[in-house]
Amino acid sequence: MADALPVWPGGVAALSAGDKAEVLVEALPYIRRFRGSTVVVKYGGNAMRGSDGLALFADDVVLLRAVGMNVVVVHGGGPQIGEMMTRLGKVPEFVDGLRVTDADTLEIARMVLVGKVNRDIVGAVNVAGAPAVGVSGEDAGLLQARARSVELGYVGDIDEVRPAILRRLLNEELVPVVATIGTDEEGQAYNINADTAAGAIAEALGAEKLVYLTDVEGLRRQPDDAASVLSTVSVDELDAMVDEGAVAGGMVPKATSCTKAVRAGVAHAHILDGRVPHVLLLEVFTRSGIGTMVAR
Amino acid sequence: MADALPVWPGGVAALSAGDKAEVLVEALPYIRRFRGSTVVVKYGGNAMRGSDGLALFADDVVLLRAVGMNVVVVHGGGPQIGEMMTRLGKVPEFVDGLRVTDADTLEIARMVLVGKVNRDIVGAVNVAGAPAVGVSGEDAGLLQARARSVELGYVGDIDEVRPAILRRLLNEELVPVVATIGTDEEGQAYNINADTAAGAIAEALGAEKLVYLTDVEGLRRQPDDAASVLSTVSVDELDAMVDEGAVAGGMVPKATSCTKAVRAGVAHAHILDGRVPHVLLLEVFTRSGIGTMVAR
Amino acid sequence: MADALPVWPGGVAALSAGDKAEVLVEALPYIRRFRGSTVVVKYGGNAMRGSDGLALFADDVVLLRAVGMNVVVVHGGGPQIGEMMTRLGKVPEFVDGLRVTDADTLEIARMVLVGKVNRDIVGAVNVAGAPAVGVSGEDAGLLQARARSVELGYVGDIDEVRPAILRRLLNEELVPVVATIGTDEEGQAYNINADTAAGAIAEALGAEKLVYLTDVEGLRRQPDDAASVLSTVSVDELDAMVDEGAVAGGMVPKATSCTKAVRAGVAHAHILDGRVPHVLLLEVFTRSGIGTMVAR
Amino acid sequence: MADALPVWPGGVAALSAGDKAEVLVEALPYIRRFRGSTVVVKYGGNAMRGSDGLALFADDVVLLRAVGMNVVVVHGGGPQIGEMMTRLGKVPEFVDGLRVTDADTLEIARMVLVGKVNRDIVGAVNVAGAPAVGVSGEDAGLLQARARSVELGYVGDIDEVRPAILRRLLNEELVPVVATIGTDEEGQAYNINADTAAGAIAEALGAEKLVYLTDVEGLRRQPDDAASVLSTVSVDELDAMVDEGAVAGGMVPKATSCTKAVRAGVAHAHILDGRVPHVLLLEVFTRSGIGTMVAR
Amino acid sequence: MADALPVWPGGVAALSAGDKAEVLVEALPYIRRFRGSTVVVKYGGNAMRGSDGLALFADDVVLLRAVGMNVVVVHGGGPQIGEMMTRLGKVPEFVDGLRVTDADTLEIARMVLVGKVNRDIVGAVNVAGAPAVGVSGEDAGLLQARARSVELGYVGDIDEVRPAILRRLLNEELVPVVATIGTDEEGQAYNINADTAAGAIAEALGAEKLVYLTDVEGLRRQPDDAASVLSTVSVDELDAMVDEGAVAGGMVPKATSCTKAVRAGVAHAHILDGRVPHVLLLEVFTRSGIGTMVAR
Amino acid sequence: MADALPVWPGGVAALSAGDKAEVLVEALPYIRRFRGSTVVVKYGGNAMRGSDGLALFADDVVLLRAVGMNVVVVHGGGPQIGEMMTRLGKVPEFVDGLRVTDADTLEIARMVLVGKVNRDIVGAVNVAGAPAVGVSGEDAGLLQARARSVELGYVGDIDEVRPAILRRLLNEELVPVVATIGTDEEGQAYNINADTAAGAIAEALGAEKLVYLTDVEGLRRQPDDAASVLSTVSVDELDAMVDEGAVAGGMVPKATSCTKAVRAGVAHAHILDGRVPHVLLLEVFTRSGIGTMVAR
């Protein structure tokens, strides 16, 4: 019996010693295989709205770090930005369905992303037991961006990822948590789509895995058919699905980032259901099929 | 003639080669002496309101870094928090002259400090040429805090500084920029006085220098007599001045942090006039007396 | 779903994703805590007679190594030596109930221990996936010994453990498997009790844990009462039990090695039932009480 | 006069100071040249039967190690295996003149090689003063093998040498002593010809020298003419001699290993007379021609 | 005000704080750019005859070292050799205008260069505050030479530069000061032209800069027109000027060494007026055009 | 037979293989023991006058270096300085039997020591095969000195040895050859007695051995009795001999340096006959008594 560590709340007691041993043994080859490799996890603004989910997610990050994986968390924060806009009485303006980001909106977005969402995630990972550091895409030139269009204001596209700052933090065994604000050479900030940024970062780091935590079970072959969730899909099939419109809405930047990253050398990309407790652990350390895996 | 670097705007041209050489030679013993040593600079929320001052300050930070010093920037942001409070229609409440920080106020304070003030400083240092990283006192347990009193809500006092995260970043030749939000063991955040935090961080790092950039010329022996600015003061004299009330208001936490840090091993503490361009460079690299130096 | 790794034979499939996640999460604090620490495991000659047990044991060693623990395996081989003696037609001779070890017996013992038992363990660990190296106590002066008595011949007691060779191998992330033959300064070999040697090695390495894998469930308070197995016992209590004769036979060197090692700084010693599959994993990574733990 | 070290038995006293100085000076360029380079020495089962020869050989190994060479000893043990077979009453069976190795014979061979011959060499080198470690070709996959033919049973040919384990031990300034048992991917052991294994190891390590210690003065041009010993031979000449049958019997695997290793980049291979005291030292550190050198 | 360092003699006091700050800020991009890069400075025997110049030069070397540049000083000593020759009553002999160097002259030259000129420079740099080490081109085979012609005796041309000794000293943060005596394989010494040696060393080290400190303002387009000093010149232009005779006398080896070194990868070569105080600092750390820069 | 290295001139051929082997084996324990330890050798100005002696000495230095010892050579040069003084027509002046060193004499002494004697030794060691570097006691503050008396001018006594420069050179596996010119804080040079300097350097480096190469067989108990050479002497006995006048003249600084160094932790000091070829090798690597050893 291992000695005095805080007792975990909950029901593992019901499992037999044999069951436990088998789970640990099942995890072994994955622990061995992924030591030292890098996983980039996009954690959604939606996913964290129930604080319980955030605590479970933080536990998973700490466990991955504990077995020697390099974990980078990337997040957005659309809902939280929207709330603050409302609170400040700002009325959103749209061009072609995309929200225009004027200077004031950008400042609010940055403040919420970096000062609230990022902080909440960093805090949760710290409390769970791994030293995390909040990073903005502005730090050390991480996300080099430029304006997407004049009409949209400070909405940026990524020109280049300079991952040196992430490597330095990973070298020091820290967990970088990235808020996706980018800058151009003059230091002008831009708001960047977090799904796209996660893919670009995974690519720049040569990550082993790129994981999207969403609020659906995975990619569906038929958008309306919950039973059509795919367990694996090739990059070519996925491209075709995007072209055909079978993938739509907010899933599009995730899907295209997956295919782009996998084509650029990321071994696997995954679209998982962030509502399943410890889904990240289950994906990495068990044989069970969870969500959708994108592979070459 | 050194080759194609971007030309600096301005008037050095009027100086003779001999003048320039003498300035460089004057700086030499200080460059040699301070290589590898650490300086903690408290940069005030007031100081940065004119953006020009921020750019000059960032240049100084980069130059200190370039000659091998470890620079840690600590900042507050009272004025910026006040603006956002006003904008959100929050009415401040006071107990014994101190603002009560309820949960909502704390969240706004954190958002502004981490998401705006910190970002602006990090951005300026990055543009000036050194890789800076925004750090909150919450990261990796940097600032361990507890509530000062029940009435004041989430206003915290520092229990302990855990400087490991700063050392790791300095090891990687990064410039940490610290927003002074602390946490307790449960992860509850608190707003911390930035002057006090700067002193505690300098002490924990065994810094060579602790520098406060303010908007006065230095400490005055007579509060009302601008001509009574002291160029040096001992820790005992300064303690006496605080006891006698010769030091008052916002200068008190600076003064007591200076004496505490110097007694704990920081070689020198300085209260400088942040409105003087490049005052940090002048203090570190020239013989001229600038502001007030606190020494044993 | 993690991709193409060889499928594990067996029944984990019956466990739900939630069950699996909870086991992994339960293991997390122990993984974090034991990284980089050392465990010395005495693996008995009896335990390995069914080859299945050896394979399961090797899996456990590899998993401990995979999460960053330093594992040293120490083994004896009494039954195997006896078999070879019989096969060679040697008739054992006894003095006070202890087998006399003449030069020929020593050579047979060494040959069997180093050339057969040690090899079988090394091979099993290698096949399970960690690079293991067979070490004799003769290598690089690991076990310095002298004759226990003239009558017993080449039966040795340990004078000193020189653990440098083990540290070198652990530095290189190898798993040392130690056959307990010692030598004196002239190079004369002696057969050493493996239980005692395991304790002395744990002490010399400053190990975190010393584990005996036996064929009983643990230490019993009443030798005849299988229901009296102790889950924890202090070193003082255990000493008393040895004095009173409540611990007897082959359990005595285990018990006295446990108390000696724990008093010398080994954090915990454990007497486990090697017949339980993956008992080593269960002890290290779960909260469940298994076998008997000896602590200060 | 150097101070209190144990006095060497014997007759160097008769040499003058000038003689001694000249020997040391003669050795100088070789010491300088071979520092940090690797020598693989095949030490024969025959060579070690008089224990005096083993002690002298161990001294040589220690001296090579002392001047900074990496020494790997490879050994067989045919005569010792034969003795144990006889003692156990096993009757050898032959196919085409080669001994069939059934499972029981393999186990005996392994036990004798690893548990006796290897141990005796390791012990002698340890006593002479360098930390030696016994290694089996099974350790960490060193010798990957497969069955030569179904009829011969567990006689293996080398598929691949994985020298990482040897490099790790050499890094730690240890002397690996290798017993030539190999394994296939399933962990099945095979008995490997030690002459062939020595050559393959030298090749895999990129050794500077491969040395065979035998009980003849060197290679003879005419098998029956003791006066026809060659002092140097090229790989082409040696291949021709094997083809013509001028090299025969147990010398064939040595000769073909020499030519194979030299062609693969080993600088020189040597066939020396292990009966000459300190022949290894004389070969490495003097200009005198000793035995036969194989070069491109 | 920085604390108790010895007060500098002189007149910087007249400069305003703003002036000083601007000079420091002007230097910043160059400090950043040249950290870790190598500069080879040829310091002339003429330049050091007023000891004041030597002290100023030494200050410059120390400052370059303090900001992290690798500085190598190369010097000749014609005038000092001539003085000693006269003092010893030696009558110089000439062939085609070049002084014949017999064995006695060589010994005198070496003694003066290594034992006097080199020592004076090393001493001055040491006093100024950086650890300098005197090196002869004979040390560790630095300058491999052969006789230029039989008639000239021990005047040597460089065959090869072996810069390992300089790299080792630079690794240890020492300032090598090189006297340009070379040797051939037999150890025979030769006197080498210091201008040529400086260029060859810069090339061998892959230096960033090669600087000649002379007693003219720079290269003139018209030899007789002091107003025709060039601020930059390309290697092709400079070659043409040498061919046309516009560059003549002692300036020829400097000019040809500049073009050769720049063509071989040295980024810039400079011919400066060593009589200007701190000219080296001004060249490296200011934008002002000083002397002549040779670039591709 | 080892391959194509240049053949040594001379008569080792007459020795049998057995003789050679025994000499090598005799050297083994000393090679092992002295690896990584430091020996400071004072090489006298007299000793090097026949160039043959210098070449043999250089061979010995290279061999010590080759087996991993750190060798520091310290030298004087009285005879060579005297010759140059004569050649320059300087008439020596004496006070109490000691030569007065005026500024001109100091410059000549320095020039001869650093520019000639030091160079000759560095050159010889380089040719023999180890990279040597000439060092003056002025380099990096190695020998801190002050004037012994006003009358004697620039004759200095050692105040402090700062051995950092020697450690840096030894770290880089170079052989420092030290000319014993010291300096005071102002950079004023002084001529230092080389015997005394050698002892002080050995002490500062914590050397294992301090060796004086002289032109006598060793210390005599009776100055006039060549048969009274001592093979060992304790520091107390030697002090008494100096007090009684049994040790006199130039042997006094050697004797007092030996006792001082041994009392300060140098293991052994030796006074050897530099006229015996390879006496240094014989002392270090053989059991034969050579010269006089000073021990506690």
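Quick notes on this structure:
Order of writing sets the chain letters: A, B, C, D, E and F. Residues in each chain are counted from 1.
In this text, contacts are C-beta pairs under 8 Å (C-beta built on N, C-alpha and C of every residue); 3 or more make two chains touch, one makes a residue touch a chain.
Just so we're clear, the structure is a prediction, and the values are computed from it rather than from any experiment.
The chains in contact with chain D and with chain E alike are F.
Greatest centre-to-centre distance from chain D is found for B, with centres as Cα means. With every chain reduced to the mean of its CA atoms, the largest distance from chain C is reached by E. Chain centres here are Cα means. That of chain A falls 57 Å from that of chain E.
One finds 69 Å separating the Cα centroids of chain B and chain D.
Of all residues in chain E, none touches 2 or more other chains. If each chain is drawn as a node and touching chains are joined, the picture is one closed loop, every chain linked to exactly two others.
The ring of touching chains, read from chain B in the direction of chain E, comes out as B, E, F, D, C, A. Against chain A, in their complex, chain B makes its touches with residues 87-88, 107, 110-116, 118-119, 122-124, 126-127, 131-136, 138-141, 164-165, 168-169, 171-172, 174, 181, 183, 186-187, 189.
By the touch criterion stated above, chain E contacts chain B in their complex at residues 1-3, 5-8, 10-12, 15, 17-33, 35, 59, 62-63, 66-68, 129, 231-232, 268, 276-278, 281-291, 293, 295.
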